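Labels run A, B, C and D following the written order; every chain starts at residue 1.
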Amino acid sequence: MSEYTASIIGGSGYTGGELLRILRKHPDFEAVQTTSRSYSGRKVGSIHPDLRDADLRFSEGEELEEVDVLFSATPKGVTMENIDRYRAVADKVVDLSSDFRLNDIDAYREWYGEHERPDIIQQFEYALPEVNRENLSSADLIAAGGCNATASILGLYPLREILSEDIKIIVDAKVGSSEGGSGGGRSSSHAERSGIIRPYAPTEHRHAAEVSQAVGVEADFTAHAVEMVRGAYATIHVMQDIEKKDMWKRFREEYGEEPFVRFTSGSGIYRYPQPKNVAGTNYGEIGFETGEGRVVIFSAIDNLVKGSAGQAVQAVNISLGLEETRGLGFEGIHPSGTP
Amino acid sequence: MSEYTASIIGGSGYTGGELLRILRKHPDFEAVQTTSRSYSGRKVGSIHPDLRDADLRFSEGEELEEVDVLFSATPKGVTMENIDRYRAVADKVVDLSSDFRLNDIDAYREWYGEHERPDIIQQFEYALPEVNRENLSSADLIAAGGCNATASILGLYPLREILSEDIKIIVDAKVGSSEGGSGGGRSSSHAERSGIIRPYAPTEHRHAAEVSQAVGVEADFTAHAVEMVRGAYATIHVMQDIEKKDMWKRFREEYGEEPFVRFTSGSGIYRYPQPKNVAGTNYGEIGFETGEGRVVIFSAIDNLVKGSAGQAVQAVNISLGLEETRGLGFEGIHPSGTP
Amino acid sequence: MSEYTASIIGGSGYTGGELLRILRKHPDFEAVQTTSRSYSGRKVGSIHPDLRDADLRFSEGEELEEVDVLFSATPKGVTMENIDRYRAVADKVVDLSSDFRLNDIDAYREWYGEHERPDIIQQFEYALPEVNRENLSSADLIAAGGCNATASILGLYPLREILSEDIKIIVDAKVGSSEGGSGGGRSSSHAERSGIIRPYAPTEHRHAAEVSQAVGVEADFTAHAVEMVRGAYATIHVMQDIEKKDMWKRFREEYGEEPFVRFTSGSGIYRYPQPKNVAGTNYGEIGFETGEGRVVIFSAIDNLVKGSAGQAVQAVNISLGLEETRGLGFEGIHPSGTP
Amino acid sequence: MSEYTASIIGGSGYTGGELLRILRKHPDFEAVQTTSRSYSGRKVGSIHPDLRDADLRFSEGEELEEVDVLFSATPKGVTMENIDRYRAVADKVVDLSSDFRLNDIDAYREWYGEHERPDIIQQFEYALPEVNRENLSSADLIAAGGCNATASILGLYPLREILSEDIKIIVDAKVGSSEGGSGGGRSSSHAERSGIIRPYAPTEHRHAAEVSQAVGVEADFTAHAVEMVRGAYATIHVMQDIEKKDMWKRFREEYGEEPFVRFTSGSGIYRYPQPKNVAGTNYGEIGFETGEGRVVIFSAIDNLVKGSAGQAVQAVNISLGLEETRGLGFEGIHPSGTP
C-alpha cells in the first residue's frame, strides 16, 4: 500500500495526465482523485491511452478529498483563486501553473498582471531542486516552473557567479506542441503545425522572470514552436568570454552529483543535448561550447516532465523526505522518432 | 489577359485554397471571386501563405459575380442547396463536395442519405478524365470525386474487364490530415495526430460507391489516418490470380498515353508509388506486384490535387477544349520531407 | 544484488540496445557483458544515449563470460554458427534473429535457405508467451519472433479455431525504420526515408511462416515502411464472416488475463490500436471491426520491445519462474510525437 | 526549342537534381548533359523521382559537351581542380560548391584551407542578386553561396549601413537533412536523425565568411540540424537598438521590388517566416521584431533552391539578360507537412 495520497486538479490536460502517469508508478503514492469538468465520470484512460489499465475516473471537483498532496495542473489564475480550498484538504499543495512561480509581486505584475493572493506569494518554493533543494526540504507550498525557464536555468545556474551584469544573454528556445496544452484551434492543427519553425515569443517571454529570479541575470528569449510534441530546447547564447576549463569546472561542481542532470560531451551523434533523449524522462541534458567572445549552452528537457510534472514530483519527494528519484527512474529509449 | 474567369465558393478551406493556387498559375484563367464567411474582407494570402502575393480578397458570397466557371469547394450539402444560384451566374459549375459524385440516386441514398436535387443528379460528369474523358469534353456540370475513390479507381480501372464479380477487393487506404479539412478539434491537433496510424473507416467508406460506379466492382475500404498532411495512398489487394504480363499489358494500354499517370517499376527506392513524389502535383503514381492468388496494386495521389482541385481543373480544361495539362505542370520535388 | 547475469551478443544494434535498456531496469538481472566489433572498448552510452549513465563497455566478444542467460541480437546466421559456443557459457540462450524461429526445417528452407543446425531446430521455444507460455516455462533455448509476425499472431491467435482453411487473410503491415537496423545507406537516410509509404515486401514476407506455425493459417503479407522509427502495425483483413459478439468472446477469453495485451474499443481518438501508444513498451494493442464478409483486426506493437527484446525478456522471466512482467512495467507516455 | 544549353556536373546529388528540376521547366534552357560516376548510364528519374518522365541519362563525365552554361554541383575542391576544363566547353560556369564563394584568398584560407586557383578567385561573382545584381549582369563565372549564408545575408543586408562595428550578431540556424547531401551514414539515418535538434556548428561556421563579405559585419553562427529535409532558417539576433519604423523603412526600400523576397508581417499563423512556405521555391521569407537592446530577424529559405540551385539559375538569368524570374515561378503549396 502506498504511503501517501494525492489528487490532481485538472487531470485531462497534458500536465495533469503526466502527473497521473508518474504517480501511478510511484511506489509511495496513490492518486485517489483527479478532476476534469469536460470528462467527469470517464476513466482517465479514455483520454490518456497510457493509463488504459488504470481504474481512476475524472470527477467534477466540487468536493475535494483529503489528501497528503494536491497537485493543481490548471490554467493561469485557477490556483490563486482556489488556494484556500486546496490547503484545507491537503498538507501540501503543488501548483503547476504560473500563479506562484515568482516570489516578487512586482515582477509578477510586470509579466502577468494582477495577482489575487499577493499575501502568500512568498510562501511558495520553486520546484527546481537543482537550484532550490534546501528550501524544498520542508516546503508545503510548491510552485513548478515553466519549461523554457527550467531549461534555461539549468543551463545558466552554474555560471551565476561569473556572469557579468551587463552582458547580453539570448535564449533561442525550441518547443513542442504539447506546450500549448490539449486544446485545438487552427494554428495547432496537424495540417498547419506540422514541420513548422514558428516564432511565438520573438522578443519577450514571461519565463525570463523566473530565470532572473533563479540565476540573477537578465535573459532575452526568442521562442519557436517546432516539429515536436514533447520537448523544450534552449540554445543559450552568452556574450561573455569564459574559458572552457572554467566552464567544465563549474558545471562539474554544480551538477556532478545531480541525479537528473546529464552532462553531454565527447564525440558522436549525441555529444550535445537532444530532446528525444529525454522524452518521457525527468532528465535535463546539458552541454556547451566556447567561442570567441561568447559561450553557447545547450539544454534539453521534456517540457511535461522535467519542465513540469516531473520536477513537481521530484520536489515533493524532497519535501516528504523521500529519496529524490522515487518514481522518476525512466531514462528514455533509443532510437526513437520525433519526441 | 486570361481567357476565362472563375470563382471559388469556399476559398478558405484546403480544397478552395488549392483551386486558388492552381488557377493563379493557369495561363487561361483568372480567379475573380472567392468566398469565405469567416475570413471575408481578408486577403487570400492571410490564410494561404503560398498566395501571399495575390491581390484577391475573400468576399461574403452574398452576391456572386458572373463567371465562366464556378468551383464549389464547400461541405456536403451546400452545392445541392445552391446549385440553381450557381448555374445562374456561371456557364460551368464544378462541385468538389460529395453532392453530385454519384449518378444513381439509390446509391446516393444508401451512402449519404437524402438528396435535395435528385432531378439533376445524372447531369453531372465525374471529373476523372482517365475514366470519363469523352463525357467531360462537353460537360457543364462536373463533380470531382473523393480522394480515396480516385486513388482506388486509378488502380483498378485497367483491370475492369477481367475482375471477377465475386472476388474480394480490399483497399487499405492511408491518408493525410488535410483530408479532414481546415477545422480543428482535439483529434486533429498536432499533439494527438502526430505520428499516428489511426483507422477511421475500418470496414465501410462512402468512396466505395464511386469505385463501384466507375469500375463496376465492389471494393471494401479500410482507411487509416497516417503521418502526412497531403496524400492518399491506396494499397489495393485483389484476391484474384492475374498474370504479371497481363497486368503489364492492361496498365500500359490504359495509361500509356495518360499525361498524369506515372507508372512505377524497376528497382531502387522509388520502384513503387510514393505520396511524397506526387505532393503538390496532379499526378497519380501506380505500381503493382503479383502474388499467389492475388495481385497488389499501389496507388498514390495528392488528395488535394489529383484527388480534388487538380482533377477538377483537368476536367474543366477538357470541357473547354483546352489542352488537358494547362496549369497543372508541376511535377514535384526531391528530396522532400513528410508530404 | 541481481540474481541473474546476462550477456548480449551484438549490443550496438537496436535490438541489442533495447535488451541493455530493459535489463538495466530489471530487478533480477545484471548485464555483465555485451559485444560489438565496431565499438569495442566504448561505453554503451556512447551509442545508446538512454544508457549514458551505465558503466558497461562493449567488448570484442572473443571471450564470452559465463552467464545465466545469453541473448544473441545478431544478424541472420550468426547464432546458428555460434550456438555451441553460446551454450557452453550460458544456461539459457535466447536468439533474437530468425535462425531458430521455425521448428520445421522444410519451412525454414523454403523461406530462408539452408540451415547449419537442423539438428537442434526443434529444441527452441518460440518466445511469444501469449501462444506458447506453457512450453516456455522450462525452456533453455528460446527464439524471439519477428515483429510483423508477432503483431499478426497476436491479432489472429484468438480466432484460430474458427478460421476456415481456405479463406484469404491479408496482413497489410506498416513498420518503422528501426526495423531495418542501425546500418545506413541511401534508402534509409533521413532525406529519402522521411514521410514515406514504401512497400518493401509487397506479396511475400518471411514472417508468414511464423504466423502459419503459430496460428495454423496462411496469411499473405504486404509490408510498407512508413514514417515511424519504432512500431509495427498490422491491419489484418480476414475474408470471413464472423459475428461481432463471437469475436468479442474469443478475444476476451484469450486475452482477458494477459498482462501485455491491451484490448482497445469504445469511442474516442484511441478506440483502435496505435503504435505511438505502445512505443517503448512490451504491450500489444489489439482491436477489430466486423464488416460484410470480412473482419478487420488491428494490432500495434513496438517492434523492438514486444516485437523483439521485450518478448525475449518476458519469455526468459517465465523460463526462470520469475513473475512474467518483471522489468517490463513501462506503459508509455501521452501525448507523444512520431514513435 | 530552348535557346540555351546547359550541363550539370554532379547530377545525382540533391543540388544537381534540383538544377535538373528547375532547368527542365525553364523555358529558355535545355539540360543536355549531366554527370554522375555512381549512376552513369541510368536515367535521371531513377534517382530523382520528380524527373521520372525525363529522357536524360547520367554520363561518366569523361567528355563534356559544349554548352552555354555549365553548372558544377560537386563537393568542395572539384570545381577548382577542373575549372579550366569547364571553361573550355562553356561560356558560363556556375559553381555551387564553396570553392569560389569568397573573393578574398586570406578569408578562404582561414576558413577552408589552401586554394588551388587563387589567381581567378576574384573573377567569380556571388550569385545572390539581392546584393550583387549589377555585377551579375555580365558575369561569366558565378559562385552560388551557402544556404545558411544566404538566409543570413538576406536578413542582414538591409541594415548594413546602420549596424555598429562592435555589436554582436548571433545567427541561430536550423537546417534540414538535405543540407548534408545524399550520402548515408548512421548520423543521417532516419532512425537517428528523425526529430532531432542537433547542434553541428556550435560556435563557428564557414558561412560566416560570406556574411562578412556581403554585409560587412561579423556574425557568429550556431547551427542546428532539425526535423526537416528541406529548409534553412536563420534566427538572427542583433544586439543593437533599432527602431521599428527604421527597420520597416530599410527593409521596404531594400526589398520592396525584389521578386523573390517575401516580407511577412501582420497577424495570424504565418506572420513570421516559415520554411515550409518556401519549400521548393526560390523565395526568401523575411520578418523581424524589435526588443529592448536588440532586434530579431527571421529568414527562411529552401536550402536547395534559394540557398543553392535556384539562386544559381536566377543569377544566370540575369547574366544572360533574361527576365530574372524565368523558370522560378513556383510559389509553394499550403497546407503541407514537414518540408
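The rule is short, and it goes like this: a residue touches a chain if its C-beta (ideal position, glycine included) is under 8 Å from a C-beta of that chain, and two chains touch if they have at least 3 such contacts.
Everything numeric in this text was worked out from a predicted model, so none of it was measured.
> What chain lies farthest away from chain C once each centre is taken as the mean of the Cα atoms?
Greatest centre separation from chain C goes to chain D.
> If you tally the C-beta contacts for A-D and for B-D, which one comes out higher?
More C-beta contacts join the chains of A-D.
> With chain centres defined as C-alpha means, what is the inter-centre distance between chain A and chain B in Å?
45
> Which integer distance in Å separates the CA centroid of chain B from that of chain D?
So the centre of chain B lies 35 Å away from the centre of chain D.
> With chain centres taken as the means of their Cα atoms, state the distance from chain A to chain D in Å.
Comparing mean C-alpha positions, chain D is 39 Å from chain A.
> Return the residues of chain A touching two or more other chains; collapse runs of consecutive numbers into ranges.
Within chain A, the residues that touch at least two other chains are 14, 176, 178, 182, 186, 191-192, 194-195, 227-229, 274, 335-339.
> Under the touch definition given earlier, write down the residues of chain C that touch chain B in their complex.
Touching chain B from chain C are residues 168, 170, 172, 174, 186-187, 191-192, 194-199, 202-204, 220, 222, 224, 226-228, 231, 233, 235, 237, 239, 269, 272, 274-276, 289-294, 296, 298, 300, 335-339.
> Okay, in this complex, where on chain A does chain B touch?
Against chain B, the touching part of chain A is residues 14, 176-178, 180, 182-186, 188-195, 229, 337-338.
> Quick check on the complex: what are the chain A residues that touch chain C?
Against chain C, chain A makes touches at 14, 17-18, 21, 24-25, 46-53, 176, 178, 182, 227-230, 262, 264, 266, 268, 270, 274, 277, 279-280, 329-339.
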